[in-house]
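Below, subunit A partners subunit B and then partners subunit C, in two separate complexes.
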Partner chain A sequence: MTTTTPPAQHDSLPTVRQGTEDSRSHRQKRWLQILFLAPTVIGLALFTVVPIVASLLLAFFRWDVIGDPEFVGLDNFASLGSDPTLRVAFTNTVLFVVIAVVLQLAVALALAVMVMSKMPNWLRSFLRSALFFPLVLSASSVSIVMAYLFNQDFGLVNKVLNGIGVESVPWLTSDWAAPIVVVLVYVWQNFGFSFLLFLGGLAAIPRDVYEAAAIDGATGWRRFRQITLPLLSPTTLVASVMAIIAALQIFDQPYVLTRGGPGDSTRTVVMVIYENAFQQLNFGRASALGIVLTLVIMAVTAVQFRLSRRFVFYS
Partner chain B sequence: MTTVTMTTLRPRLRSVPKAAFLLAALGLTLGPVLWTVLTSLRPPDQALSGNDFSLSNLSFDSYRAVFEQVDMWLLIINSALVTGLIAVGQMISAGLAGYVFARVPFRGSNALFGVLLATMMVPMQVTIVPVFMLIRGMNLSDTLLALILPALPTAFGTFLMRQHFMTLPDELGEAASIDGASPLRTFFSIYAPLAAPGLAIVGILAFNFHWNEFFRPLIMTISEENFTLPLGLVSLQGNKGTGSVATVLAGVVLSMIPALLVFAFGQRTLREGLTTGSSR
Partner chain C sequence: MSDFPRRAVLGGSGLAVATALTAGWPRLTGRDIPGRGKDELKVALLGSAQDAAARQKLVAAFSRLHPDIPVRVQAIQGADWSDFFAKILTLVAAGTPPDVVMVATEGTQLFASRLAEPLDRFVKRDDVEMKDFFDDVHPALIESFMYEGSLYQLPVDFNAANMYMNLNTLRSAGLERPAEDWTNEDFVRMLRGLRKSGKGGQVPFYWNNRLWGGVVPWLYANDTSFLTEEKAPGGDWLWSRYYADAKSGQERGGGYRWRGSNATDPKVTEVYEFLRRIVAEGLGSSPSQGGGNQLVGQFASGKIGFTPAGGYWVQGLHEAKMPGSAFDVQFFPRWRTQRHQFGAAGYAMMKTSQRKDQAWEWIKFCASREGLRLSIPTPNTTPVRRSMVNEALYRGTGPAHWKVFYDTLDKFPTTGPIPAPPQQAAVETALIKNTLGAVTGPAKGVEPALRRLDADLDRALRSTT
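This part shows the complex of A and B:
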């Protein structure tokens, strides 16, 4: 990420000061540094750094905004373990992340490989645009549209199923189908991001590797497995880390599609944070859960990078 | 590399399964969007089934209806105001800070930049409760400012702008200072104009993200007069008794138009912005 470091601090060593001209410019430079950084540094301190610290503290209190905060030690964290709703939401989220991410990466990789195969340039750029297009739409709008398409009575999905002789499925009102819809809608909207990453990764694979393989007679599936996949592994790592981090925070789709129901079947961890804080006004508990989620995200990322040392191939 | 070798090296898209897969993916991607547009062009009372694809009785009645059922203009203005101010604010704040980190470093600036990058790793769900209380403390709850203010500083935008400024040659600034330009002047007349492409990426990303944002507005706003489009449309969809499918979808189509325009004109910029920082 931080590829280049800026040259050493030249402003701290003005060994030869030539009169007032130079020191004026030096003073100006100091002011410029302060003024230019102020909006970002103050803003992030106020709206990110202080809230992180506050959240860490809040997790040890019981507070409903109206009364005084009451120190409860680790109670908030302890109560998380015994909360049946949260347990379901956690299981949902894990299942959801695994299925959605695998599906998203598989679809994205398959499409990226196909779009990179030989075809007219106009067709390639059309396909590329069309396929990443859902990414620019809002998750809430997409979910509204999908809620109609998956409606049990008049939705197009069931109409099509009926057309081929399959009975209507209660997509959003049964606890087994609703999670499937949430995953499908999420993947529909988000595979484009992994797709873009894979396109970039594929474009970076040197052609002469394929040339050598072609001489050795490797074609098709073998070429994909023995060249494309290993050479693409750094991209796959980045794509999977980013997909997992994003999927762990899913909220918009299940909220708009099902409000977490039926039952708790599509309730996710972030939805429980939202409900704890803004419906049950239990801010301490919401903070504790937020911290746990962050730790999970950090742990997942760390494990992935550890694993990557064994499986990722850097050319 | 000649085109001849390219031809032999790229697998041809000749096989039927491959083409079928691509076609299916294309249909699944664009299909729901086309369905949305077509259904929104039905008269409100005829769209209940939503699956009539004849092009004979297209009407804009649903568009009229959505303006009658919700204060669509207010939603549009709120969304435009919030998104526009955030985008401009992020371009300014990230442009200024990115410049200092890249071109006018000081003792400790690298450490500060590291802290900045670290804040990107913390998910919004952790900070949202304290931010909500902070906004309450500032007496800004349930205002548009509650949405705008916290979104003005951007760690990712600052990172992008720093990378952008680092690609510009040192000689430009050196020449300017030899000619007697002050540091401020060097920034405004030399580097700032050259930063336009980077600023465009920051602006477009900010626009796209905040125009579509749902979670924060859901928490920060209570009164309908402070709703943004995503919130207004979800509440319109919620009134299932009164809302017709076509009416809701007319609202959805309207809310998609700016996103589509950004996509059409800034596609390359958007793509670059989304994938920046993910490759090494």
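This part shows the complex of A and C:
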């Protein structure tokens, strides 16, 4: 009888105390985690989740800010199909995304490769800052300055063209040139982000792979095509996903430069959302269109990730 | 690290966060926004913080007169009036609407139909002061602020679309300042003269594609508009009381009604074809988006011959160092009529305001002689009081024929406001987007463009009530 309990009891007591301390410490940690996360979570809830939910609800109502919302079911969504302006805006947006994103990635990659090539450190630092700089400027300010530069009669661009014997181009008032200006201004201002991503991606490619390829006699172009591009494919995927998501939401540049014109040639989907909300005071329809655009962005991103399985090489 | 135990670090961090939150609480909650939560009369206007600051003399003078009414001027920045109205609507939706809002003709009917309080009872109550005001103000300006028989704003300033001309440019082409009754064909002849003599880079006629000063003055001159125009019944209470003796006060109504598209009117086609020819011949610019202010520098440097602008341009040209003797102004060219287009601005009282009597005092003061003198110290716009558009205002800035600004109303009493129904923003978008295609393409493109305009206007006018 006397041999049974003491060792076991003796052993068990510290175990229980240890467990209690662990649990208390764990609880404290959890509270700390909650405390530190709280500002972000509250901010997200207030400024992201609540507007999303409100927008989802609003899409089923007709609301002009001033009066009470009126439930209209799916009418707001149904009316989108019969809007000719929206059809044009959607086509414009798709075309814009394709051209702007390809240009943006190509320019960003070319400049990133250039900056990573042999050059003095001071020049590299300068180029890195200078090329990234347009991204930190406000899109509206940039567009206002660009509107002056591309003015048909007094703009610097036409002055330069006139100087080399080319006639003035109606950059912002012809339906073929205005979309080009919008794309150029957008790409100039936004390639900096992709450029930064590519710089990081290029820096992560091991030098020894290039050295091995050089020993095998691979030329510069071949090294770029068969080493740089494949090893950069994860970065390219991220850059293209981000670029497409941003480009699908283009608003500032065409709004300030051309107000969607001439005609509807530079009108984009987000501009139609703005017009529905703040010009026609139909916030329900604007919300419905916002939801549709979100679904399109999600679908495009999903397709990109699906396709990435074939094209992205993770070393 | 041993000197700083974990608890001390955490405690310190907590204290730092608490201190930061306490110090930043007014910012986080928006309590540091001037006027937020205070019992003040909130006056919203389109402009920058500098514009609000520029009105401090006005506020100070008002406070001397009404020490019991504290006023806070809220400047709200926007690219144009549509942008400003959108922001006011956002304030309304947020539950923090101002008491008084500066509204231009573009927004009068939007505000009158939804947001603004009619001023009729206040006007009738302060009959004597109002008589002094109306005696000095052209009835066209008053009528433009009436909606369905009620008055919603007292105008403080206006600008009619007159024609500015660069005298140096004209002289070098051997041209004289045109006569008052010059026609659209005289205008084209002068443009051709300027083009012939002009150096490279000179634009005989520069115009912008917008509601004010774009295609509309030409439409008015040709006795038409892109929207149908009617007068609402009512308003007799005002016309019979204050304008009974004035010839120009007769045949006034209860405000304008723009309910349908008039884009397929042959006279509209005629105007677009006229402008298309001007652009095609290289006599006029291909009108781009934007306001007139960006042109001041170009005009002052002699690169523009003619441009439509109002009295607001005088101060801009003065600041661009253009002497008053180097430019002048004339009425818009005559076509079927010489009716002009104007836009005015004035304060509207919000229906939601809890300080309506105080708001009225502010509105009344701003329309008084003292209020106008303080808010318009330079000719950066045209005061609505005839007696204040005088030699003193234009001394040192010009132009020689500054009388044109007010004579536009007196000599052409049918001169009317910008067509701006409650759906103005959508209407303006439709006009701007179709105008460019019509005036920059081939002649056969004019009618299809106007049919598109017609369809867009129909949709815009149906889009909201």
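Everything that follows uses one rule, which is that the second predicted complex is superposed on the first by the 272 of 315 C-alpha atoms of A that agree within 3 Å, B and C clash if a C-alpha of one lies under 4 Å from a C-alpha of the other, contacts with A are read in each partner's own complex, and residues count from 1 in each chain.
Rule of thumb we're sticking to: a residue touches a chain if its C-beta (ideal position, glycine included) is under 8 Å from a C-beta of that chain, and two chains touch if they have at least 3 such contacts.
Keep in mind that this is a model prediction, so the values were computed, not measured.
For subunit A, the partner touching the most residues, choosing from subunit B and subunit C, is B. After overlaying the two complexes on the shared chain, residue contacts for A:I66 are found with subunit C alone; subunit B is out of touch. In the overlay built on the shared chain, the residue A:Q280 is in contact with subunit C alone; subunit B does not reach it.
In the superposition on chain A, contact is made by A:L149 with subunit B only, not with subunit C.
In the superposition on chain A, A:L74 contacts neither subunit B nor subunit C. Of the two partner chains, subunit C is the only one touched by A:T258; subunit B is not.
Contacts of A:L307 after superposition: neither subunit B nor subunit C is touched.
Of the two partner chains placed by the overlay, only subunit B lies in contact with A:L58; subunit C stays clear of it.
By the touch criterion defined above, A:A212 lies against neither subunit B nor subunit C after alignment on the C-alpha atoms of chain A.
Of the two partner chains placed by superposition, A:V98 touches none, neither subunit B nor subunit C. Subunit A uses residues 32, 65, 147-148, 154, 256, 278 to touch subunit B in one structure and subunit C in the other. Interface of subunit B with subunit A (complex): residues 1, 5-13, 18, 21-22, 25-26, 28-30, 32-33, 35-36, 39, 48-51, 92-94, 96-97, 99-107, 109-110, 112-113, 115-117, 119, 121-134, 136, 149-150, 152-155, 158-159, 163, 166, 177, 182-184, 187, 208, 211-215, 218-219, 229-231, 233-234, 237, 245, 248-249, 252, 255-256, 259-260, 262-263, 267, 270-271, 274-275, 277-280.
Residues 10, 79, 82, 86, 89-90, 92-93, 114-115, 200-201, 203, 206, 209, 285-290, 294, 298, 303, 423, 425-426, 429, 432-434, 436-437, 440, 452, 460, 463-464 of subunit C touch subunit A in their complex.
Within the complex formed with subunit B, the subunit A residues making contact are 1-7, 9, 11-12, 25, 28-29, 32-33, 35-37, 39-44, 46-52, 54-55, 58, 65, 107, 110-111, 114-119, 127, 129-142, 144-149, 154-156, 159, 188, 193, 196-197, 200-201, 204, 207, 210-211, 214, 219-220, 223, 234-235, 238-239, 242, 245, 248-249, 251-252, 255-256, 270, 273-274, 277-278, 283, 286-287, 290-291, 293-294, 297-298. Those residues of subunit A that touch subunit C in the complex are listed here as 32, 64-66, 147-148, 151-154, 162, 170, 172-175, 256-264, 267, 275, 278-282.
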